[in-house]
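One chain, chain A, appears in both complexes that follow, with chain B as partner in the first and chain C in the second.
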Partner chain A sequence: MNRLKIIEEWIFKIISFIAAYSVVLILLYLLLVVFKKGIGALSWEIILSMPEGGYYFGGDGGILNAIVGSFYLSVGATFLAVIIGLPAALFINVQLIRLKRTQNTIRFFLDALWGIPSIVYGAFGFAVMLLLGLNASLLAGIITVALLITPILVRAFDEVLKTIPVELQEASFSLGSTKTETALKVLLKQGLAGFITALLLAFGRGIGDAASVLFTAGFTDNIPVTFDEPVATLPLSIFFQLSSPIEEVRQRAYAAAVVLTIIILIISVSARILSKRYSKNSIK
Partner chain B sequence: MNSMTLSYQSQLTARRAVSQNEIKVSELKEAAPIVEIKGLNVRTKDGEILKNINLEIPKNKIVVLLGPSGCGKTTLLKSLNRLTDLHKELKVSGQILIDGQDITKAGQNLANMRQKMGLLSQRPFPLPASIYKNVAYGLKLKGIRSKKLISHSVETNLKRVGLWNEVQDRLKSPANSLSIGQQQRLCLARGLAVKPTIILADEPTSALDPISTKIIENLFKDLKKHYTIILVTHVLRQALRLADHVVFMYYGEIIEQGHPDDILKNPKTKILKKYLIDGN
Partner chain C sequence: MNKKRKIADILVNIWMRIGLYLLLSIPVFIVIGLFWKAGPLLKSQSLANLLFSSRWSPMKGEFGFLPFIFSSAYVTVLAFLLSAPLCLFAAIYLTQFSKQRLLNFMLPVIDILAGIPSVVYGVWGILVIVPLVSDGIAPFFGTSSSGYSLLAGGTVLAVMCIPYMLNMLIEVFHTIPVGMKEASLSLGATSWEMVKHVILRKGFPGIISAFGLGISKAFGETIAVLMVVGNTLNISLSPLKPGYPLPALIANNYGEMMSIPDYDSALMFAALLLFVVILIINLFFRYFIHKGEKV
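The block that comes next holds the complex of A and B.
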């Protein structure tokens, strides 16, 4: 009996070890491939300069347009998504606290929206754009990406709020606060760390998505100055460079991929650091 | 069955006949009930948690709720504060009059109503903020902005619960860094700071050492001058030390209630007898 348990324990240990490390290994291998292919072409020039004439056929220049464009677009979209998403999540958890069925229906729809592929959002955004007479532009891109990440954000915020013990709300209520005061002064603070993580992950999703911006944001060699100009994005920049017949340009695509990967890595690391810092006060 | 729902007032009158302690009785009789619970039922779809609770709580007294785990003491306290609202599965019916006002109908001024009753929950739940801000929270809700007033109140209330010496050097630290016993006292200080008229205390000394327990017990005796206290405890001695009136609950019903000497020393019902014997 005892020996059986020891064996069981070992088998479990080995399986979890393999599972954990294979995830890490796959990630490392992916990074290695991208870095190996891109590192040769990676230089300050490519990061800090705009594409010049004939860039996609091997001409001089860089991908600054796409880096800055991606930031513009994702910051705008995340901002928009938070403005809609945070009140929505608070509404679900505070105002609808007694209406479990309504809560769950909303959650169901949000989950369904989450599962829709981003190309569908792209197509939807494109249709709306035509309807409103807009061009492929920063604004249209921001709106489409916001549509894509809002359900993700609301559900992530919602999950954070769900983990907050109801007793904490009780404590706040019994000190005489209203629902709004409780939401703003207690729930937001308690969930802050989780909200920041959710926000950065949504930002990462936004910055890395190609399909939703394909028709809606357009592409340009410049950095947009107004909202109705088209905007370049890193994923599309990678896509266009990878489809080039010229080897040198394809290598630059990998350099751009390295840049995008590094940005995403920075985002997830800062999500960790920030969430640690802001969970200082939260109740466990 | 009728004796179970006998009101506090009429029990007192009954007591008068046997009691020589005329002064005490007349003193008690003067106090009009501040809380009147009439036919309170709380049920879930699986059954009843509170069954036809009828109870009068006199002003400026300590009423102790006794009863085995799961008999509905916490639920009773939460209904007094309408925190049952937060739990959709709980269906509440009946009347709860506080100062003559039916709180089950309170709409707009629910927050004000709750502020009148400080609830000290069974498990302490500090707010996600510093020690200082936990006590200041309720004051700020009341619209008090003066830093001087607030810090004065923080200090006095932390002193009252015997926490000041332990935390005065780290008022800015997160409240979650305190031990459970310290959190329990912090939550009491936080509740007292908003100056409620009724204190609902759910096992407020369950995580405290004997010395802190004594501080809190003395505090309650002192608070009684200005507040009405409803206290849940599993410690029979504590009930004896503090209670003016004891209510014994069993499976959602009030089985017996009365003066602590009667309830704890001369129980009438078998259930209470057994509870007291097992408890000693």
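The block that comes next holds the complex of A and C.
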């Protein structure tokens, strides 16, 4: 073996080693900075109280309106996404099981939809709102976020469904069950772990997304009671407070960022744990 | 078969079909909706004028999108240059050189980081990158900068793209058959030579697709960039100057657009432009991946 080869080998090994660890370090550093800055400002008052008068000029209060608002919005949107997405994902894997080409084309389009930026959904949601004569409201926000997360939910669920052996479906058909029964009692049961993961993934995306709700959900200091009231969201609350010139308000934005990050971390970790637990019983 | 089961079957079948068709019609509706809203502007001005004019003053009815397109392209390219080599080498290290244990630890971490909302990346950008640019990088080059700059936007985007691209690259490298690697090694190749001649060559379409999808993600990212890029009209090559990417334009001006004629059309046109560009990029690179999966 000549020397040059060995030198080249070492150089590239070192480069890739550095690359891998710097990626890890950058991402850890990011979390560290956000947490360090936010933990100091975080208090139970911020999490558990509503903004009071003069809140955005440094007055008392907290971001409970945004936390609850985000949950309302995301739960509603996930619910809508399940109503449309669950049957669609099952349809792709039961009715179209023999049509590999159609399946692949549909997956291809859904993948492409996944990449559409949320600001486009936001603008589109706004156009629809104008068309229907809606104001910026919880309902408009839910519809827009649902548009954003449905492709994600379907594709994530579908990834799991497509690994379920065809023989399982054939066994179910041979026992005389209808396609619906096969879809709901065999595929959904087998893919439950994947479904939960997909659900939480979509839910997390819904909570964290800001651009799509910027014009459709509005912003308010109250918790909405009906669907046609505007709703505050956590990402927008961070965004607005951070653009304030008052230091105290910005501190709260950092605290809110920690709250949002913790919520997202809890969602993704529990998605992993739940999917492990439920996949124990499924047939491989 | 009794009647009840049959009816249930038909009903659920209809529901499933409706769900799927609704889903697949989303992009069609988006195009129609945005095109309809952008219509007034497209009627009064030529497409070439909209895309290549740099005069932007909505009050006078001048809508040249060039500065925005330029800023968008600038931060995207910057983000790509910063993140792509890092991701490529990191993916090579994690899949080829390191122990399996490290990869098993890294995969969930990358996944979780990919789910962190963009507004959090924006907060990080304001806390770290903006001061770094204004107090560190700009004085070093003998100029001054507020820190809210194209460079800051590109850097934050690069960090956002890392988990996303790394994930795809690792998947690409996993699809390469182990037998091929072993064959190469058994012929006396060093592990880097194996990577160079087998992994990079065989994974080439996948690598290009991962990069392409990373670019399209960076191009459409809104909030994180909006927070650090400065949002000032500007066409200059200096990365220390502020910029104003397309998504930021849409997000920033929704409040006041109603009072100025054609302004809302212009913003819808910007959204349409983003949608079309990103959809084309996505379809193109996804096609690569789907081709690759079949073989």
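Definition applied: the second predicted complex is superposed on the first by the 257 of 284 C-alpha atoms of A that agree within 3 Å, B and C clash if a C-alpha of one lies under 4 Å from a C-alpha of the other, contacts with A are read in each partner's own complex, and residues count from 1 in each chain.
Going forward, a residue touches a chain if its C-beta (ideal position, glycine included) is under 8 Å from a C-beta of that chain, and two chains touch if they have at least 3 such contacts.
Since this is a predicted model, take the numbers as computed values, not measurements.
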Following the superposition defined at the top, how do chain B and chain C come out on chain A, clash or fit? fit
After superposition on the shared chain, which partner residues are touched by A:Leu42: those of chain B (first), chain C (second), both, or neither? neither
If you stack the two complexes on chain A, which partner ends up touching A:Ile143: first (chain B), second (chain C), both, or neither? neither
Which partner does A:Glu167 contact after superposing on A: first (chain B), second (chain C), both, neither? first
Could you tell me if A:Pro151 is touching chain B, chain C, both of them or neither one (first, second, both, neither)? second
Just checking: does A:Pro87 make contact with chain B only, chain C only, both, or neither of them? Give me first, second, both or neither. second
Between chain B (first) and chain C (second), which does A:Gly115 come into contact with in this model arrangement: first, second, both, or neither? second
Classify the contacts of A:Ala198 with the two partner chains as first (chain B alone), second (chain C alone), both, or neither. neither
Comparison of chain B and chain C by chain A residues contacted: C
With the two complexes superposed on chain A, say which partner A:Ile15 touches: chain B (first), chain C (second), both, or neither. second
What is the contact status of A:Phe215 with respect to chain B (first) and chain C (second): first, second, both, or neither? second
Look at the superposition and give the distance in whole angstrom between the closest pair of CA atoms, one from chain B and one from chain C. 8
Considering each complex separately, which residues of chain A are in contact with chain B in the first and with chain C in the second? 176, 178, 181
Touching chain B in the complex, chain A uses residues 97-100, 165-178, 181, 185-186, 189-190, 280-284
Can you check the complex and tell me which residues of chain B touch chain A? 78, 81, 83, 85-88, 110-112, 114-115, 117-119, 121, 123, 125-130, 137-138, 141-142, 174-176, 187, 190-191, 194
Name, in rising order, each residue of chain A that touches chain C in their complex. 1, 5-6, 8-9, 12-13, 15-20, 22-24, 26-27, 29-30, 33-34, 37, 83-88, 90-92, 95, 104, 106-113, 115-124, 126-128, 130-131, 147, 150-151, 154, 176, 178-181, 183-184, 201, 204-205, 207-211, 214-215, 235, 238-239, 242, 253-254, 257, 260-261, 264-265, 267-269, 272
Listed in rising order, chain C residues that touch chain A in their complex are 1, 5-6, 8-9, 12-13, 15-20, 22-24, 26-27, 29-30, 33-34, 36-37, 85-90, 92-94, 97-98, 106, 108-109, 111-113, 115-124, 126-128, 159, 162-163, 166, 188, 190-193, 195, 213, 216-217, 219-223, 227, 247, 250-251, 254, 267-268, 271, 274-275, 278-279, 281-283, 286-287, 289-290, 294
